[in-house]
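Below you'll find a set of structures to go through.
You will see subunit A twice below: alongside subunit B first, and alongside subunit C after that.
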Partner chain A sequence: MIQSLYLGLKYLQYHIYRTIILIGAIGVILYLPLGLGRLISESETQMMARADATPLIIGAKDNATDLVINSIYFEQCNVEQITFSKANELDRLGFGYSIPFISVFNARNYPIVGTTLDYFRFRNLDIEEGHNLQFVGECVLGALVAESLNLGPGDSLVSSPDNFLDLAGSYPLQMKVVGVLKTSNTPDDRAVFTDLKTNWVIMGLGHGHEDMTEVKDPTLILEQDSTSITASAKLFIYNKIDGEKLESFHFHGDKSNFPITSILFIPDNHKAATLLRGRYKTDIIQEQILIPSEVIANLLENIFRIKHIFNTVFILVGFATLLILSLIIVLTLRLRKKELYTMFTIGSSKTKTFEIVVSELLVIIVGSLMLAAALYAISGYFVESFIQQFIL
Partner chain B sequence: MKNLLLVLLACSFFACNVKKENKQSEQPSKPVVSVVNYPLYYFTERIGGAYIDLKYPISEGVDPAYWMPDSESLSILQRSDVLFTNGANYAKWLSNVSLPERIKFNTTEAVKDRYIEVQEGTAHSHGEGEEHVHTGLAFTTWLDLSIAVKQADAIKDKLIELVPNKKAELISNHKQLVAELSKLDMKLKSISSEKVIIGSHPVYQYLASAYQLHIHSVHFEPDMMPSHKQWHELEHLLHHHPSGLMIWEGEPSDEIKDELKKRNIDVLVFDPCGNVPSEGDFLSVMQANANSLNAKLN
Partner chain C sequence: MIELSNLEFHYPGSDFKLKIDALNISRGSTTAVIGQSGSGKTTLLNLIAGILEPFSGSVKVGNTDVCLLSDKARRNFRIKDIGFVFQDFRLISYLNGLDNILLPFKINDSIQLNGETNIWIKNIAHEMGIENKLGKYPHQLSHGEKQRLAICRALVARPSIILADEPTGNLDPNNKTNIMNLLFAYARKNNATLVTVTHDYDMLKDFDSIIDFNDLTIDKV
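== the complex of A and B ==
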């Protein structure tokens, strides 16, 4: 047997390029279904982990998937907004606490996520550098944002206007970076966190300007009487909030009517969650309550139905490869007819000749398996960052 | 041998200390409760001060309604288990800082329908934008002592949630405080008068509303001589509402007193006690306020 293996190896070594191509082709064919299967199952696990860690989401009766995707992965799809008062109403029920949430704007292509400090506590997000949000106009960066934009505490980041042609639209706000979060390998790494109120300032619901009763430039005032002052458009609206300007920032209207995209609700226990869900069964309530894990599981089921198509494709490709491999073997044997005859005439038995050919095949198959295993191990090492970068 | 004994003795002493320290660290820490003004501090302290870690980061001499926390004070507030707020848009800084919504507890939530609306500043517009007035709410709610009682009730209920094992003590302390506040409320109710009073500052809305007092306010500061424009406004007000009494948050300067004297206006100090008083406590200050008011009006 050893002699047969030796002769087989020598033959393969002599035809090294053909051997490498064969090992490569079979190895990749073996690896592809395994690697893709792992990528899909890891993606499922990671996406479900995020969804499982979010007990309940409340939002407008709109597309449930968009609402959940926006709330837990910060994908800025067009989600109908609800009012902030809904969060207060939920808190008053005594079933747990709510974390209001808004993700509409972005800064240099990273989503700006307006929320409250409860969010950081709920997701166990710790500060790596600087400190957490304290005043309106501040932002805390996810680890990936800080790294890719090369920003840290003390720097500033300007929110991107949602439409460059809409001059009366949202105000670009120069936010002060006060902290950077520790890497969490979640979508939180790719978000810019602000207080809800900072988001409302970007929306134009709050602003700061000079005290109009004390302006010195007469061209700033269009009209003035004992009860009213009309300022001209020249009145400068602050585009950043710091120091003394902070005190001049104010909101117009009742904050309870200000918009949010969703509410993450953390129930005290399972019973509280069930009772709360029961309340949303009636048509009187305008919002919907969602269990993110159910929505994401449903979504994944649809998305990863493609996995079955891939599997079928791989089986067909594998079968084709097997046929090609058989053809190669048959043709090789035909080409080696003289060589095999020589072996036979110098005293090699038919069994021995068969043993040599099988050894050659065995080496190719073992080599292919080793290549597939190596590729699987390498992709396993990178799968998490690949998912973070391209899927989540 | 002697050394060995000493070492053994030292070791046993150390072991005892470690045990004691462990025992101390096993004790559950008190919940941290913060407040936004002195009346809330006083109520909370009276009801459950012994069972909580009460934080009040505002220094003396500052009006808590217009205080702005620094980073350090805000860190203290952010770490609280509960932050008792006054409601009625009191403490404007709450709008400009990040605090967990979960910890904010409005002590006047139950009496929201009794908030008094006021106009803040002049109506204005920005360019082509709509004209608007910054309407606000009068916020010295505790000057209506029946609202103060409701605030104390709310504080008691929240403290029971925080330290349920001290429920009996909290109820007892609350009962005593409410009795004293109610007594004072009755006393103030007995001082009804048709006399018109000029308020030096627009902070007496709840006092006027609760105790049927006719208070019309200007915007004077006790330690700052009013401008000609302000005196003119006072005279304008006196023209429509003749009065011989002006109510002040603090003792006005002698120069102001002289000017008022020229206009036959007497001075009455009624301290809203928004921050820690230099002498006494909330109840003693309110008692003194009630006595002064009674003396001037009756």
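== the complex of A and C ==
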């Protein structure tokens, strides 16, 4: 058998390019279902881990999946908003504490997430560089955002306008970067965190401008009485909040009616969670309460049905490859007929020639398996960052 | 001694028929086999080697009737006692010179490579003038070198019979003489029997006997 293996290896070595192509093709075909399976199961694990780490989400009675995706992965789907007062109402119930949340805007393609400092504590997000949010107009960057935009404390980041043609819409706000978070390998790495007020400023619910009582240009004032002054559109609105201008920033209206996209609720215990969920069973309450893990599990179940389709495709491709491989073997044997007959003439048995061909096949199969295993190991090394980058 | 008696052979579905009443080739002799294409010269070599089995009659090599041997015994007989030389060299393209010479040891376990064999290989490679070509692949060699390599392979197990099927058919006149001289020298030195199919009538004078397949007669030269 060793001599047959030697002759087989010599044959493969002599036809090295053919051998490499064969091993490559079979190796990739073996790897694909394994690699995809791993990608799917890792994605499932990571998506579920994030969902499992989020006890309850409260939001408008809209698409449950969109609400959860928006709240835990910051994917900016069209989520109907609720008012900030709902968070206060939840806190007053005494079942736990709420973390209000706005994820509507972007800054250079990264989601701006407006929340409170509780969020950082809840997700165990530590500051790597700089400090946490203190004032309106500040932002803290996820590790990946800071790295890809090459920004750090002291730099500034401008929010992207959601519609260039809508003059009444949100205006870009130049935010000051005050901190960068440690890498967490979660969607938090790809978010720009601000406080709620900064988000409301971007929404146009708050703004800063020069003191109207001290303006010298009379065309800036449309109406004025003892209690109020109405400014004309000519009045310059600040697009940056810094030391001097900070005091001029103010909000019009009752903040409790300002919008948020959802509330992360952290119940004190299981009983509190159950009681709270019970309250949302009634139609009187306009919001819905969701357990993220249930929503994501449902979503994954639907998405991963495609895995079965892939598996079927891979079986068919594998079968086709097997047929092609058989054809290659038959054609090769036909080409090698003279060589094999020479061996027989000299004194080889048919078993021996069969052994030589089988050893060649074995080397190809072992090589392909090793390639598939190597690809599997390499992709395992990158699968987490791949999922972070493209799936979560 | 090679003895063929009352031998009949035909290929299935073919009009070809070979009939030999008696044919003796003595040990250590050199025999040329001549005849038209398709007259059965190569068939004769295959019958002597036990590759083909006659319809009737016997093929004896020494005291052994090749026809009565099992398949395995026949293969072992071929690998130990017979050295084949072909017109088209039949070298294995993916093996270098040395591996081609060693091929019989790699395809049949009944012969084993040992120190003595290694010396023998060096000797025959030297005699054939290809000792510095052993690392080369067949496509890197000239026709003459290829045939010398093929002869080395045929002689590696020190056979008592050499069956050469038009060994000089693809060679230039100079190489023809050299190759035949090498085969004659081995046969004489080792008391081996050389049976050569040839179309080259100029060479016939060098053989001890001639088998003419045109009328199946045996002439002593």
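Criterion: the second predicted complex is superposed on the first by the 387 of 392 C-alpha atoms of A that agree within 3 Å, B and C clash if a C-alpha of one lies under 4 Å from a C-alpha of the other, contacts with A are read in each partner's own complex, and residues count from 1 in each chain.
Methods note: a residue touches a chain if its C-beta (ideal position, glycine included) is under 8 Å from a C-beta of that chain, and two chains touch if they have at least 3 such contacts.
None of these values were measured; they are calculated from a predicted model.
Colleague: Is A:195 touching the first partner subunit B, the second partner subunit C, both, or neither of them?
Modeller: first
Colleague: Let me test your reading of the model: by the given contact rule, A:282 touches which partner, first (subunit B), second (subunit C), both or neither?
Modeller: neither
Colleague: Subunit A residues in contact: does subunit B have more, or subunit C?
Modeller: B
Colleague: Contact-wise, after the overlay, does A:100 reach subunit B, subunit C, both or neither (first, second, both, neither)?
Modeller: A:100 sits against subunit B, while subunit C stays out of touch.
Colleague: Just checking: does A:134 make contact with subunit B only, subunit C only, both, or neither of them? Give me first, second, both or neither.
Modeller: First partner only.
Colleague: In the overlaid three-chain picture, which partner chain does A:121 touch, first (subunit B) or second (subunit C), both, or neither?
Modeller: Once the two structures are laid over each other on A, A:121 reaches subunit B alone.
Colleague: Taking the superposition on A as described, I'd like to know which of subunit B and subunit C A:251 touches: first, second, both or neither.
Modeller: In the superposition, A:251 contacts subunit B only.
Colleague: For A:3, is the partner it touches subunit B (first), subunit C (second), both, or none of the two (neither)?
Modeller: second
Colleague: For the complex, which residues does subunit A have touching subunit B?
Modeller: Subunit A residues touching subunit B: 87, 91, 97-100, 116-118, 121, 131-136, 138, 195, 197, 209, 212-213, 226-235, 237, 241, 246-247, 249-252, 255.
Colleague: Over in the complex, which subunit A residues touch subunit C? Could you list them?
Modeller: Residues 3-4, 6-7, 10-11, 13-15, 338-339, 342-349, 352-353.
Colleague: Per the contact definition, I'd like the list of subunit B residues that touch subunit A in the complex.
Modeller: 68, 71, 74-75, 78, 92, 95-102, 121-128, 131-134
Colleague: Okay, in this complex, where on subunit C does subunit A touch?
Modeller: 49, 51, 71-72, 75-76, 78-79, 82, 84, 86, 90, 92-95, 99, 103-109, 137, 153
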